[in-house]
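Have a look at the structure below before the remarks.
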Amino acid sequence: MRKLAAIILTVGLILILLLGVQELPSFGKPDNPDNNEVSRYYIENATKDTGATNIVTGIILDYRAFDTFVESSVLFTASIIVILILKKNGNKTE
Amino acid sequence: MIIKSFPLVTILVLFISAFIMPLIKDGKLVKTISLASMFLGLILSLTTAFYVIKYGKFYYRIGHFSAPMGIEFYIGNIEAVMGILFTFVSLMIIWYSVYSIDREIISSKISLYYLLINILIGSLLGVIFTNDLFNAFVFIEVGTLASCGIIVVKDKKDNIKATLKYLIMSCLGSGLVLMGIAFIYSITGQLNITFIHKELLSVYHQYPRAILISLSLFTVGLGVKSAMFPLHTWLPDAHSSAPSSSSAILSALVLKAFVLLLIKVLYRAFGMDIITEFPVLNIILILGSVGMIMGSVFAIFQRQIKRVIAYSSVAQMGYVFLGIGLGTDLGVAIAVFHMVGHAVTKSALFLAVGAMIEKTGSKELKGLRGIGKEMPATSALFLLGALSMVGIPVLPGFASKWNLALASIEVDKILIIGIILVSSLLNAVYYFPIIINGFFGEENLKDKIYKSKSKPIKELLPIFCLIFAMIYAGFSSGSIINFIKNGIV
Amino acid sequence: MEALLTNYYEACSMILFGVGFAVLLLHSNLIKKIIGMNIMDTAIFLFFIAKGYIEKREAPIIVDVYKGVDAYINPVPSSLMLTGIVVAVSTTAFALALTVKLHEEYGTIELDEIMKMKGD
Amino acid sequence: MKSVILKEISKVIIPFIQIFGVYVIFHGHLSPGGGFAGGTIIGASFILYRIVFGMEYAQKKFKYEILMPILCFSIMLYGILKGYSFITGGSHLNFPQPPLGTSGDILSGGFLLPLNILVGTIVAIVIYFLYSLFDKGEI
């Protein structure tokens, strides 16, 4: 019974999401709303502002650098927690 | 003006002081670092609040690039109040845990425990301050990992089971939030909340279904993380099996930051005129009121005291969602005020209960009979907190219930007053037996020696400060609500 | 219906999201639940990056000469998804560590059995 | 994993993997890749070393007491470097910023190169920690 309810729930979820996707701006068109002045600014001024020819690295490490700082602390926290759980001898000095 | 950078400095101080801790072996130094960084955070957020009171809200760009290109902080009245609340409550909880944590987790894990607390509070402050959706998502992720970490630090069977359930449900929630951000980005092409609002105003007629879906994705995603009623199943196990100081942080602070993000998304990214066209607010209203009733009903049947208080968290979050669902500025202001009142009260309750369990050694309600005689100070503080929960006039609990009733009359949804009354009665039904069995009853006090198990005063000071702050919030509730009200838009 | 055929990337990512969601709900084995979570995350990354693609344009890396604004795709989704992937990795590592610990404590990684086994 | 062939071949291959990882990190702001991709490659070379040469050798070479301080110092350095540029940029103080240099060669991106290196070390050490913890719970 529970499995049936779960299947119905997921099929309903997929249908709702597909309805939403149907209405979104079509794929790959140059005049999509997300190809607006923000992304054009990045492409034009990435080398001037950040000096990086790889625009994606320019965005990650300079325009939106705060994201990457918090995200490397995500990695750091994940390693600390796995140490917390799985380290056999518990304390750090053997 | 350098004061504008204080919120960012607070978060950086908390993160960088957390990164030093794994290298330090001795627990005392780690505790002092954690206390010092949290105290500095409190001072910085106090000065930011005075700056906001004097000069009004301000935007602070991070790095060299302004709003749509780079990331931005928005510090308004709500963010200033919540900044003070979060740093003050976490300072008190860390101060309490300095004494009580050695008895709960093994000594080598203490430095990692304080690392996780610092990173958790830093990420919650980030969720509050940021004005950028994807930045809020990354902070949510750090907050989820750190909050799962502080539950599992106590390495017992039911801890691990509760943490895994919590982790899977909050991963589901953050997946839905990321999907909501993807939908909004594909419609507006912006990630900054104020720019999203500008874009959405001009474009929401073309994509009605996509906006409805992204609204529901945000509500469900953030609802899972902030224990909205049907999605709260992870909360009782997680909060009751965690160490007492981390369950105080979890129920007082972690739930609030995600609800505040929901408010920011609903009322700032989408704006009042867009969400009133969709039934989202009514759904939140219904879920909030059902949560208020059912949360208290579940709490009545619990045997362990920590699960009773965890379920009462679900009920109190129902009040907050009710405030959001009313759809008026006053409603949201009361929801934020209730978050402030509930955070202070609930952390005091959890710390007091932690002290009781530590001294008596039993988690069951039956074990805490006659506790009033053995630990008079702690149970007196517990009594004050419970009175605020039930809604005794002078305390913040009553202020938010009273104003919620006024706000619902304004929106002429009279049924809500009935729901508030019923849930207050239910609150009383499960809080008063604990107090009555604690203080009165012949057979409870039979062989109890007066003050035999009471904790030393210096360990009770943090709870005393929290109760004092609660009473202060109760007295000045009118001014706090007005201050919050003109900070919403 | 034809709109689904034009943006078929988004449609497939939604179906993938549903598949991941179903795997998460139906299977009681923890490793399969974590795999379901990963499928859901990958679906979201596919959806996000598909929004950034523009036909007949190349990757946003200026190789030797700058080919003007209209020669590169939208760089923002791909840079956001680097963060998303790292987040998915760390959550999966944490969940797997918990599964290892659960296996040590309960001897089984079937969530239904663990739920029935009312721990102390 | 005691076969001699594996040991000899991996003795030859591992340096090249690490050189390729360093190349990807150092050219992060010029060509595709960057801190995360390069860090993963170097982390994979550590794991290969641990698989082939067994835990005792790996523990002698990558001791926990050395790797954890490197991890903490590199993420603290990342925070301080970026914190400096956040606060100077946010409050419009025009303190000296690192030179941007000509946009083609390696030392060109101001803070980009050091940040890529720091992120690379963080990712490499985290991946090695995760593998060694899941392997035998020892680092």
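Should a chain be cited, it is by its letter among A, B, C and D, assigned in written order, with residues numbered from 1 in that chain.
Keep this in mind: a residue touches a chain if its C-beta (ideal position, glycine included) is under 8 Å from a C-beta of that chain, and two chains touch if they have at least 3 such contacts.
Everything numeric here is computed off the predicted structure, so don't read it as measured data.
Student: Given the two chain pairs C-D and B-D, which is bridged by the higher number of C-beta pairs in contact?
Tutor: Most contacts of the two pairs: B-D.
Student: Between chain C and chain D, what's the gap in Å when you average each chain's C-alpha atoms?
Tutor: Measuring from centre to centre gives 24 Å for this pair.
Student: Could you tell me the distance, in whole angstrom, between the mean C-alpha positions of chain B and chain D?
Tutor: About 37 Å, centre to centre.
Student: Averaged over CA atoms, how far is the centre of chain A from the centre of chain C? Could you give it in whole Å?
Tutor: The computed centroid separation for chain A versus chain C comes out at 9 Å.
Student: In angstrom, rounded to a whole number, how far apart do the mean CA points of chain A and chain D lie?
Tutor: So the centroids are 21 Å from each other.
Student: Return the residues of chain C touching two or more other chains; collapse runs of consecutive numbers into ranges.
Tutor: Those would be 17, 51, 61, 76-77, 80, 82-83, 86-87, 90-91, 93-94, 97-98, 100-101.
Student: Indicate the residues of chain B shared as contacts by at least two other chains.
Tutor: Residues 15, 19, 22, 62-65, 134, 138, 141, 145, 148, 152, 185-186.
Student: Counting only residues that touch at least two other chains, what does the list for chain A look like?
Tutor: Each of 17, 22-24, 32, 34-35, 38-39, 42, 47, 53-54, 56, 60, 62, 64-69, 71-79, 81-83, 85-86, 92 in chain A touches at least two other chains.
Student: Graph shape for the chains shown, where an edge means the two chains touch. Line, ring, star, complete, or other?
Tutor: complete
Student: What part of chain C is in contact with chain D in the complex they form?
Tutor: 59, 61, 82, 86, 93, 96-97, 100
Student: In their complex, what parts of chain D are in touch with chain C?
Tutor: 31-32, 36, 130, 133-134
Student: How about chain A: which of its residues touch chain C in the complex?
Tutor: 3, 6-7, 9-11, 13-14, 17-18, 21-24, 26-30, 32, 34-35, 38-40, 42-44, 46-47, 53-56, 59-60, 64, 67-68, 71-72, 74-75, 77-79, 81-82, 85-86
Student: Touching residues of chain A toward chain D in the complex: what are they?
Tutor: Chain A reaches chain D through residues 47, 50-54, 56-58, 60-62, 65-66, 68-69, 72-73, 75-76, 78-79, 82-83, 86-89, 92.
Student: Within the complex, which stretch of chain B touches chain A?
Tutor: Against chain A, the touching part of chain B is residues 15, 18-19, 22, 25, 62-65, 68-71, 106-109, 112, 115-116, 119, 123, 126, 134-135, 138-139, 141-142, 145-146, 148-149, 152-153, 155, 183, 185-190, 199, 203, 207-210, 212-214.
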